[in-house]
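Shared chain: subunit A. Partners: subunit B in the first complex, subunit C in the second.
And then the complex of A and B:
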């Protein structure tokens, strides 16, 4: 740690508390602006600014948000992961197939409790972690740039998902769906005092944990260090290959969880074609939230706000009656605008 | 049903295109330029501009067409009837018709294969205040396909005739995007529409979203493809099984009851096309013992491109051995037509 002291000092100087507030405040202002805009556009019905709709938005943010947490860590470390969507699809297929395999073998009371689902979902998260660890090992071992490595695994994981599922959709039989499954992502949670869906709370908790790890742990500071300047970090004694594998594996776990949530969102369906292009949505959310493709930048809170901006746009456009093509254009413009503003604010560095 | 979305548009640029966009335009197999084998009888499903012109040129011997205009119209009318507390039927069939090169110029048939269509910009939106008594959100499987534009026209026709309902038209762009369709149903609930008219992309994955709507007091009419729930108001669709029966009879009669036949299936899990395939194979087995099904295990996949690739392999493999082909939806018929044309196995001499 002492080797890194000058480094940490520089980081503190550059990204002091004020800078950090700025980084988060920028996207946050954007979110408020968009919300006000949609509220104005839907002022006659008022359907956008209802509690129910915001609960719906929370549910619609969970999958992207969970995957984006992993991507935040990867992008801070100066890398990228294009295989997120494919991993999510692979995980939905694996979970659905495991439930179909395990559930009939269990005794009755364990079946009704949904033990098979729990086991399959835990294994699904681990499959995501494995996918990430493979990505990380290839990046560190082959010394090929992450873009290319994960472009490869983007195809490989998608192919595996289709191969496992015989290119079709894997359904979990109704009797294998435990009563609690659909509650995880129900817009109106039970019990009511939860306010938002349990899945959304899981995202919040995970985000808080990641934020603390990134900000206060040695590992977290090393991630920023490697992303800011890899050779300096190496000279300071950071085991860069090991760190990259670790970051990818942890991010893979988050992606695996996103896959499990996607499985739940689709009423327990394993779909090898799902989440096509999710990686780009996730990267966009991180970038809007202040992340940088060249590493060393980004925060968990910023990413979450980025994700919210994306899903408020998706949801708001429906309420405002804006057709799909226009939505795509708007989101594209916002991505570029957000990053440009960010650059200007930093003095064009 | 008529399932193609926009062909995989990826925005990562050339790098990804190299991975995903390849395939499709293979050359005709060697020997196609020769005298050519006997022409193959092709029976398809659904009408689009290329398919009807191929029908006119007798490259296709029959198309089973649905009536999307009636489907869109009846769906909205059924929803409004339910909202006004009138009894409605739980299952409404909108009919299916066999179009052949001989009957395609009859006015009634011509209306079916050249139905009115509307572009996506039309209709009410969720943003404004309700101007009519009822606001109904219609969610198709996709918005790009001509079939859905006709559904849209039917829905607007119903709205115009009834006068007390406004249509909000919003669908996913890709016809395999279950997640987006679930989100649309959720948004419809949040926007407190009076009713939802839905063509579910998936018989199972949409169930919970629909039941959440019903639990919130918003009735749901299902059209085009079935949904595994008992809580919808009504199910309005083509009798797809009967469509397959019509196709099998046409193929059997054109071939004189004798020959070798290929069925290019669409996709596993697509309820409507599986019904057509079943109607086709059942009828072959029952009514045409002289027709032999030499291949029924291949799947065309979701787009014309994927269908064409699969059809090309089939055409090469069964060249000179096959007499008739049935494809159960528009994209598979389209791909098969192009593959057979490329292989010189169809209509060249006419």
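And then the complex of A and C:
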């Protein structure tokens, strides 16, 4: 084994120097490739390569992207969260129910300003954080692998959402929807100079903040260390259980925000069956963006590109008139192909 | 000669792992294969087992050319390997493991009766009828597991048996039983290659030896006619005195005191005083409890009784975090599994225990950190492209230096080093010895565990020996010899 080290070192040489650029460039080239492909396939109608369509793609990316930011941190720490979709559904239900409860009790001008919505949405984010904190505490406290813990909470949170909503959709009455609510995820933003929807800007800002925290903060370096080698982190005095709880709680806040955005995306509706399978989409996005199921790897920019690839695929298939079953097959193949290419590029292991 | 390897060479990229090595073993002969890690022993054995193919040279087995295309073919032709990390399936039974890959079947169904007979016969021959064929491997001790591996080789009708560091994890009683088995197999006409670091042990078991160094045959001959010193010199390529430079130092105030310290499993209460400016060695067999003691001091292993007094902080147990704050640093024996996060950069690894030195309000000053790491890399002569290079890209010696750089970075006063030079090249060893000497001369204290006795005798001021969890009194290194250390280490064992 040790005799092979110098050879392996030269193999990985390129990655050492340009590693970061490569991990992001790879997915980026993939994104450009499928964009060109769809543009060619839709050259007759030209409907794919329009500014409006790309603004729509941006909006369609917001929910997945926000949840994927949390998942990025969790996966870098070497864990996983399967309860993302259920948490999002739970949050939409909680927010919708809170609005229905709070709004009628408010005086007129506060109602028209949408104070109930603001309060409910903040609480919705916190519910997401609580869900994450529970996941993290169970992972750290029971020492059960994250896959199993969150497989359990995936069912529990979904069940809770259905129970709260009595298994039906919770609609917020029209008079409780403030004027600004629909603008958050409007493809054509108001004012025009925003270019993309305010919700998409929120995603960009959150992504930048997470990238900075992961790269420059003590906490961020500890996240990478725990994901890369938990024993080493413990040896170096990192409080591993506390760190895991914190990572899950923070990721839960991001998931909570994704839930709030999903609530807005569904025109202020709480739906206990929504976001089914979202967690797999999110994990796929992180992995396409260079994340690893074994931890220690992943970047915010890569994840964002991974999310865009997923959205462009969804959107492009519709514009190219590819039937839904074929879409599923294409997306499945691309996930495996992307990760396989990534492994080959890195030299096998 | 039953097995002959003639002028075997093998390169990996620009690295010449083997350069014209020859090795021959007759039926009824045990040959010790000796050499530092990285000398080429494992490459040579991988060629023999068919895992890799030589660039040039030839292999002969029983007078016929032998060019195995893979491990399966080598095994079928009668070459059996028993590795340090045993290749057994822990949840299967002894019988299933012995027959794994050599099942006797009829129409795809296992012929149980034949299996039972073959396994009973092999275990009987190895004088281990006490190992039940239906027992699960996970319930067996390490010695018994090794016997199972040898039984597998017997059922496969092996003619050449390679044992790779077989005793490094065994108790001395299990080791003695293994020697008896190896002797018996040799008398039955097997050719045995015995790889080991322990020179005294090779003398007990082998008749002839071959020393490899840097991919070449450094010496070979009959053990009875060769002194231990000559073999060591052939191994390291220089006289030992050059390897262990002494720094001027004198023991100062006590900095670490253990009183009646007992970690949970098996260890008896230990008393020890470590002073500033001192290097104290812990000798003993693997499994004697040295690592547990070190880990208990550092807070990685629970403590049931007694106290650890670090300078002015007396307490029973503490977390690694607290120990780091008290000025204690720990380097793990398991460099790849625990010591380093291999996927992270040198700078991440070297600074992980004391990141706050470069942070303000929780955010890091990366350039400040890079400067500090570059300085450490220079003083320890870590060979890499730069601080951002991944630890996985480094050689074993440089990786170990990164693990030690972490202790320098956290400005530890007390260095707890567990097998600090295991598996690294001689050049890196010399630099690590020099580093240890420098630290002691600057008034720091070092407590090191090592299984390599010349190293302990050369580097340490005092040595204590641990045997089955019992720590002896620490005596000046000059009062010990390899022989007297081994005597204490194996005392009460048996």
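One rule holds for everything that comes next: the second predicted complex is superposed on the first by the 332 of 349 C-alpha atoms of A that agree within 3 Å, B and C clash if a C-alpha of one lies under 4 Å from a C-alpha of the other, contacts with A are read in each partner's own complex, and residues count from 1 in each chain.
The rule is short, and it goes like this: a residue touches a chain if its C-beta (ideal position, glycine included) is under 8 Å from a C-beta of that chain, and two chains touch if they have at least 3 such contacts.
Values in this document were obtained by computation on a predicted structure and should not be read as measured data.
By the touch criterion stated above, A:218 is placed in contact with subunit C alone, subunit B being left untouched. Once chain A of one complex is fitted onto chain A of the other, the partner contacts of A:168 are limited to subunit B, with no touch recorded for subunit C. Contacts of A:233 after superposition on the shared chain: subunit C is touched, whereas subunit B is not.
Put subunit B and subunit C next to each other and count what each touches on subunit A; the higher total goes to B.
In the overlay built on the shared chain, the residue A:297 is in contact with subunit C alone; subunit B does not reach it. In the superposed model, A:180 makes contact with neither subunit B nor subunit C. No residue of subunit A contacts both subunit B in one complex and subunit C in the other. Against subunit B, the residues of subunit A that register as touching in their complex are 41-42, 44-45, 47, 50, 52-53, 56, 59-60, 63, 82, 151, 154-155, 166-169, 171, 182, 186-187, 262, 265-267, 269, 271, 273-277, 280, 314-315, 318-324. The residues of subunit B lying in touch with subunit A in their complex are 10-12, 15-16, 19, 120-121, 124-130, 143, 168, 170, 172-174, 176, 178-179, 182-184, 186-187, 189-192, 202, 204-209, 212, 267-269, 299, 301.
Residues 12-15, 17, 37-38, 40, 42-43, 300, 319-321, 323-324, 330, 332, 334, 337-344, 348-349, 352-353, 355-356, 359, 362-364, 366, 385, 388-390, 392-396, 406, 423 of subunit C touch subunit A in their complex.
Only residues 1-10, 12-13, 16-17, 19, 216-219, 221-222, 224-225, 228-229, 231-239, 296-297 of subunit A touch subunit C when the two sit together in their complex.
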